[in-house]
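Pasting the structures here.
In what follows, chain A forms one complex with chain B and a second complex with chain C.
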Partner chain A sequence: MTAFDQTLDQILTLAATHFKVPREKLTPDDDFFKTLGIDSLQALDLLTKLENHFKVELPDYELQGVSDFRTLASRIQSRL
Partner chain B sequence: MDHFEGKSLSWELKDGVIELALHREPCNEIGSLTLVELEKFVAALEGMAGGAHALILYSKMKAGFSAGADLRELYQQAQAMERSAAAAGVRDYLERIHRVMNSIDALPLTTIAAVHGVTFGGGFELALVCDLIIADKMARFCFPELRLGLIPGFGGIPRLKRDLGNAVVRDLLLTGRSFNAIKAQAVGLVSQVVAEDQALRVARGTAAQLGKFDRRTSIAAKQFIKPIPYEELRREIDLFCELFAQPAVEEGLRKFVESTDAQPYLP
Partner chain C sequence: MLNLDQYTSLGEALRDALERWPNEVCLIESDRGKEKTRLTYSDFKEIAVPLTRALEDADLKADDRAAIIMTNQSKWLISAYAIFHCGGVLVPLDYKLTAAEHLQLLAHSRAKFLIVEFYLWRAIMQSPEFKKHSVQRVLVTEAPLGADIGGAFRWEDFRRKGEPSLVKRQKEDVACIVYSSGTGGRPKGCVLTHENYIEQCKALTAWYPFWPGVRYLSILPTNHAIDFMVGFVGPFVCGACVVHLRTLRPEFVRDAMVKYKITYMSLVPMVLKNLERGLRAKLDDLPGPKRFLLNKLIAANKAMTRRKPNVPLSRKLLGQIHGAFGGELLALFTGGAFMEPSTLQFFYDLGIPVANGYGLTEAGTALTLNDFKPFRADTVGKPLPGVELRILNPDYDGIGEVAVHSKTIMSHYLYDAELTAQTIVDGWLLTGDLGRFDGTGHLQLFGRKKNMIVTEGGKNIYPEDIESAFDGISVKEYCIFAANYLWPAKTLGKEMLVLIVRLESGQEFSPALQEEINSRNRRLPDFKRVGGYVIWDKDFPRTASMKIKRTVLAEEIGKSLGRAAVVAL
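Up next, the complex of A and B:
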């Protein structure tokens, strides 16, 4: 598994745990707003979870237009 | 009045600690109703402060401490008025909210904001009047006003400048990005970062500790170390009103209010 794949996998697991969604229902190219059923404030919760877990800072404007886990993982990966 | 249950907030004085809870759906947006109840709170403080040594501000709303000013109300009121009347209304509102903020800032009590989740704009400014901020590790702090063509209007910039280095203030203000609690603690904004849902418990423990000190000494120490930047606060109101008159603001507010975007809170 590449470093990127590991990051993506951890994001999917964190999102599933935090929003109480079965992990197997989440796939990398899902629109996380739709799959998780979340709004923008909850997306900020996800951002905080990810920042705390990966110990990175991800300015929220970098998430503008981002709605799938794969792109989110690439944004996180670029800060690791 | 030691106890009050309002529509947007409530308070109670117990064992020398006043707890002010915000509870307006969806995330404690600060509009005219909240302002009226905050004014009521400040008026009641005169009677309560003698029997208290600490004040804790917190939110009962799951989404966070406060999402800031009620932009929908601001937009609707501005739309319903002539431009000059709207400008006068905004100035009046700011003068009133500044009186509230300045009163809490200068209270002869030690004040603690126990925050979680969204602590944005006016909500952030409310937390900034407190002496200490205790943050749940899921808290986020942000000044999103520039995306509306405005600056923070509830005293945020002068108070942030009082507490932090200018570079951090510029980062928050000019990028509109949000800081998580760990970053906020690293730059000196937050006193303690605690586990999820623990901010109020830790704030209560801190308030109990403060009660062991001689009250006159605590008041003297606070007055010595915490100047209130009245002149800059006054200039902030003037600048906000000047910017509010720009067409970009109406467009920014309209865009926010009418947005069907899933991410209206992201810059």
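Up next, the complex of A and C:
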């Protein structure tokens, strides 16, 4: 598993736990707003959880226009 | 507060504000709980004057347009101050738009200057349309050392010594061009005068005054009419303080309210609902006896504030809840989108008044606002001082289009005389919103006459603006409507956009087409996405120049099909 795949996998697991959805229901290209049924504020909450987990700081603008887990993972990976 | 009757322009009023309260704090900026900036009015002046001088030297003259694209922060307000001082016209653009949209609006507004945050400028420079931009001078804030800023100037270094001259403006001169929407189709640049802002400020502060010591937490984008007024002009002309946050995550917003003992805050319904959700979860987690006691206190507060709010009393009764909001909150403001009465009532019962209002960019910040005399969760309040409202062609229930006459109404739409003539008729602005007055003079809203939606995040979305996102999909033709426009519903809730699809002869709606549409939809920001589609079996009616006759098509669809025909995406 590449470092990117690991990051992606951890994001999916964290999102599933945080929003209480089965992990197997989430796939990398899912629109997380739709799959998780969340609004942009709840997405910001997820960003905080990810920051704490990966020990990186992500400005709010990193999430601007991002709606799938794969792109989110690439934004986080570039800051690790 | 400054006596605004003495002023003809925002530049003059803001200049005098800096002189009047030199030692009061005007701006605080916090990033993740760490305070980054704290400026008194005197400190503000110290930074603003050299920038103003430099802009003056760079030939920013009266009526020159200068755009700002920035998140909420001190440099936004300092830059706006400098632009007004030079007599310029401010073009505040939404930082959440895409780079292509920014370039489109910069071109439409013919902005000569641009002041932009580095990460946004980087995105603009990477845009394929970048080469075509015609802005003459770009100032970039917070660019990292050594970063490529493409020939722009660093805001922090753009300073000159000396005292700039205030360029006198008259009330009827243009202060701002604010885009209410139209990034994808027909740009709607609302041209607002100095008088529009001065009158709006007078009306709002008559009901909700600011004074030195008041702290306003600015979380709506400053380019938005509400924050520009109550998170900049209003507090400044009263010597109050504005608090900015670099991240708007709910936990930092909550912390800031406590740390800075916030007095007022404006928020969109989505944020208010988020606060409600968090608060309800905390209340539900309380052990039984504590919850029982709290319920009794809430009931007592409710009984004692039935006629009007009594915030000091509510703070005593429900100290812990008020403490979580900083303990000095006087009111929250909301509007710009439909607000559920149950949410407003929830906060009111806790002694936290939420003043729900109604306004549109074309008419300044707000037209109506709840004055709590008494609290009415089911209305958007009463007209503000100086605002005349009429209900045009009311139906049997008294519901008709809301029209406005006020000194806060924009001058016109930029470069669009036709749209201006359709929107402002004999000095009355036709809002396109449906409403009626109740027996006590409160306005109730019931839906829209116009083809648009407003999201819970307070964004105006015009279907025509979204259509280009579906360019080239494998169908004969398509267009987008607001569902409530096709099937008028006397409600503003649960608004959605619907894609109308006309297939080629013999074509079926295949899974591949569905995926094509889904994929296009996903590329749009979440608040702009289409909620469902309808397959329409006739060719679209078109004008001689092949434009879709939207009104005719909408009527045909509305008559032939019901909402049940919409397939969710």
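List of remarks:
One rule holds in what follows: the second predicted complex is superposed on the first by the 80 of 80 C-alpha atoms of A that agree within 3 Å, B and C clash if a C-alpha of one lies under 4 Å from a C-alpha of the other, contacts with A are read in each partner's own complex, and residues count from 1 in each chain.
The rule is short, and it goes like this: contacts are C-beta pairs under 8 Å (C-beta built on N, C-alpha and C of every residue); 3 or more make two chains touch, one makes a residue touch a chain.
Keep in mind it's a predicted model, so treat the numbers as computed, not measured.
Shared-chain residue A:33: touches chain B and chain C both.
In the superposed model, A:59 makes contact with both chain B and chain C.
By the touch criterion defined above, A:68 reaches chain C but does not reach chain B. Looking at the shared chain after the overlay, A:48 reaches both chain B and chain C. Judged by the touch definition given at the top, the superposed model places A:6 against neither chain B nor chain C.
Of the residues of chain A, those at positions 33, 39-41, 44-45, 47-48, 57, 59-61, 64, 67 touch chain B in one of the two structures and chain C in the other. Put simply, chain B touches chain A in their complex at residues 27, 63-64, 67, 117-118, 137-140, 142, 175-178, 180-183, 261-267. Every residue of chain C that touches chain A in the complex is listed here, in rising order: 32, 71, 96, 98, 119-120, 246-251, 270-271, 274, 456-457, 522, 525-527. Per the touch definition, chain A reaches chain C in the complex via residues 31, 33, 39-42, 44-45, 47-48, 57, 59-61, 64-65, 67-68.
Chain A contributes residues 33, 39-41, 43-45, 47-49, 51-52, 57, 59-61, 63-64, 67 to its touches with chain B in the complex.
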